[in-house]
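Take a look at this one; I'll ask things after.
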Amino acid sequence: MAWTRDEMAARAAQELEDGFYVNLGIGIPTLVANHIPGGMNVTLQSENGMLGMGPFPTEDEVDPDLINAGKQTITTLPKSSFFDSATSFAMIRGGHIDLSILGAMEVSENGDIANWMIPGKMVKGMGGAMDLVAGVKRCIALFDHTNKRGKSKFIKACTLPLTGQNCIHMVVTDLGVFDRAPGQQRFRLRELAPNVTLDEIQAKTEADVIWT
Amino acid sequence: MSKVYPTATSALEGLCVNGLTVMSGGFGLCGIPENLIAALRDSGAQNLTVISNNAGVDGFGLGQLLETKQITKMVSSYVGENKEFERQYLGGELELEFNPQGTLAERIRAGGSGIPGFYTKTGVGTLIGEGKEHKEFNGETYILETGLKADLAIIKAWKGDAEGNLIYKATARNFSPMMAMAGKITVAEVDEIVPVGSLDPNFIHTTGIFVQRIVEAKCEKRIEQRTVREA
Amino acid sequence: MSKVYPTATSALEGLCVNGLTVMSGGFGLCGIPENLIAALRDSGAQNLTVISNNAGVDGFGLGQLLETKQITKMVSSYVGENKEFERQYLGGELELEFNPQGTLAERIRAGGSGIPGFYTKTGVGTLIGEGKEHKEFNGETYILETGLKADLAIIKAWKGDAEGNLIYKATARNFSPMMAMAGKITVAEVDEIVPVGSLDPNFIHTTGIFVQRIVEAKCEKRIEQRTVREA
Amino acid sequence: MAWTRDEMAARAAQELEDGFYVNLGIGIPTLVANHIPGGMNVTLQSENGMLGMGPFPTEDEVDPDLINAGKQTITTLPKSSFFDSATSFAMIRGGHIDLSILGAMEVSENGDIANWMIPGKMVKGMGGAMDLVAGVKRCIALFDHTNKRGKSKFIKACTLPLTGQNCIHMVVTDLGVFDRAPGQQRFRLRELAPNVTLDEIQAKTEADVIWT
């Protein structure tokens, strides 16, 4: 049985470490915040200018001047700080963020990612995604292993315009986990979701990965 | 020569000419200069190039300038929330230049800081890198991005004084401090004008040197994604 | 994994190896990390490259590291106040790289911001431009300057919390915020460690992400040019 | 009778305008602060990180954390603000300072300035001078017309290593005032100090300037 979205987020959360500064993308990655182990000091960055993102506000706490990168109302924590967008991306581009967890339309076997543009469709823009994948120390792509037509999204080479080149270090899908150490070219299968067979994941993976 | 203007309209007087390049602060609808955008629309200035992270929503923020077709070109990182934008863009009426958000922020800071170009890894190997100069530093490849300036920057702050010193609130700060630096003329609208000397000099976000005009104006502060939890 | 250390010596533990590149905050003697400089001297680390706007005075600030000949190279904009410096430099014992002050500040910011190079007009047509790449933007000539990083940055702030959030006082801020960004490890000494949550998130100068270690330590704060007027 | 240092400063102060942001160099230029016309709002920048420099402190007000670029203790004004060195030089490099008044060892007829280095002597460094002359909108050089041996310091071409090229817009010496409008190549004599004759200033000026 493949992982649910929440289980995928929980699996990605296992990569968090005490003291980490983390940027979570919009969509499934947002759910990772719910799985930060108790007692672990993880600081969430929001690229619109905040470190130490708190939970959503109660109705009384809503402040239009306080939103996250998904434009949702949020709150502060005692450790929070605000800064401008140039400083925020200095943090990102300068390699100060330990981990970015982001969604993907496609990831290639050499760690390229495409997640911002489908040619022929109205393009909304890359926002901060290109900066994140180029700058953050470690990037985890979190996405459904196949698209709605069952076609693999973890593939030999991206067909969509890239967000970044050779920048994904770990892939977490509904079927399993792949990673590669710094400097390693190829991904290796690390984990299968419960009741997912090697045959199944191999059949659904176009990327050339190390299976053993 | 006072920097303080009584209304948003008066604060833009003499500045709104056709063909202007305008920077407009804000992330989504958070920290946008609502009143100055409306005053710019009312000025009727045409053929504007607008540099702003986003393009507002239908009928609000920069959406107001799109409705009236005063904008010819947008420089943004994300424009997803606006049907009128989509219609004009797909119809070829509107030019659009995407910048990665951090590149956009840094280009604006560079423009205001006398830096005509800088190198970044962001966008290497993507459409964003195409046609740009590539250069190696310590064995890694970077692309050259240029500084951005504007004829006019309109920004929103929390409090300001008659010297143009500003402070921002929470994440409403975003792009405004850099835009204040990059505007040939910078006009700030603030929730409150406070007496000179009441802002702590240790904690001024934008110093008055970057602000030529200031106006106190009431903002609606519309929320795009009101998200709440149970109390 | 606490960022708080009890003493300057413990705050540098494991970091002081020979051949280190160290950034040290301060302008003149204003805002220098007095206790961390002394602890670095006591560590005995040799062959240091020190990036700092100035070089201290005889026997105080970086002058302490010059006396013990632990510094091999200085990157500075102005070094006028130090006889021992002059002696070592003229004797060929010390390498010196002058940077214009603004170029130095921007190189440090760039290094901490993932920008390996940027163009500036400062120094064009002078010794500073020699051997550097020249490039034209809009008909004007600029030179390429590179980003600077350090193995260790030691800085001084006014107040800080256990998360590493810092605020600075008055002109003691100077180079420290950029150095905090450019240090692989940044150690801050502060006049006072305050509880997490007591610094206003709107007014934090250096966010904790840039600070790996923090120590509360008493500073002498020596004044170079005490200049007073009649009361 | 040539101008005194204080009179030179007073003459340079006539170039101030209401609303100006000004950086004053060390030495004679510092005296310009004493000649700001009453009622004129001029804001002094100190490149170590301050706008709105106030007067020197009384003994009670001395604060080691509050100094100017000459490392002298100073005070704030109600309009003051502090910032870091990168922001300070963004202001300077980005052309936000209206006027810089600085000392010089030599100025050439094409507006080059040398004021930081004498080969063979111990060099203290350029500090912020190179940034100022390259970035500030208008630069006034304030210096004694001749050196101690009576040799002109306003010359055809600088003999000392330059601080900046083609960046001086006005020259104020003890003998008179020269300026050139933006885009103009040559300086023109604008004013003579009291009792200084055209013959005297011509004899002491090596630079090729417009005398009428």
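Think of it as A, B, C and D in the order they're written, each chain with its own count starting at 1.
The working rule: a residue touches a chain if its C-beta (ideal position, glycine included) is under 8 Å from a C-beta of that chain, and two chains touch if they have at least 3 such contacts.
Values in this document were obtained by computation on a predicted structure and should not be read as measured data.
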Checklist line | Result of counting contacting C-beta pairs for C-D and B-D, higher pair | finding: C-D
Checklist line | Averaged-CA centre spacing for the pair chain D and chain B, given as whole angstrom | finding: 35
Notebook entry, point to check: Between chain A and chain B, what's the gap in Å when you average each chain's C-alpha atoms?
Noted result: 28
Check: In angstrom, rounded to a whole number, how far apart do the mean CA points of chain B and chain C lie?
Finding: 33
Next item on the list: Two or more other chains in contact with one residue: find those residues in chain B.
Entry: 106, 109, 113-115, 120-121, 168-170, 201-202
Check: Mind pulling the chain D residues that touch 2 or more other chains?
Finding: 76, 82-83, 89-90, 92-93, 135
Notebook entry, point to check: What pattern do the touching chains form: line, ring, star, complete or other?
Noted result: other
Next item on the list: Report the complete set of touching chain pairs.
Entry: A-B, A-C, B-C, B-D, C-D
Checklist line | Residue ranges of chain D in contact with chain B within the complex | finding: 18-19, 21, 41, 43, 45, 51-52, 76, 78-83, 87, 89-97, 135
Margin query: Considering only the defined contacts, which chain B positions touch chain A in the complex?
Written below: 27-31, 53, 76-80, 86, 89-90, 98, 100-106, 108-109, 120-128, 158, 168-178, 205, 221-231
Notebook entry, point to check: Which chain B residues qualify as touching chain C in the complex?
Noted result: 106, 110, 113-121, 135, 137-138, 140, 142, 146, 167-170, 200-203
Notebook entry, point to check: In the complex formed with chain B, which residues of chain A make contact?
Noted result: 46-50, 55-60, 62-74, 76, 82-86, 88-90, 92-93, 112, 117, 122-131, 134-135, 161-166
Checklist line | chain D-facing residues of chain B, complex | finding: 1, 109, 111-115, 161, 163, 165, 181, 196-197, 199, 201-202, 204, 207-210
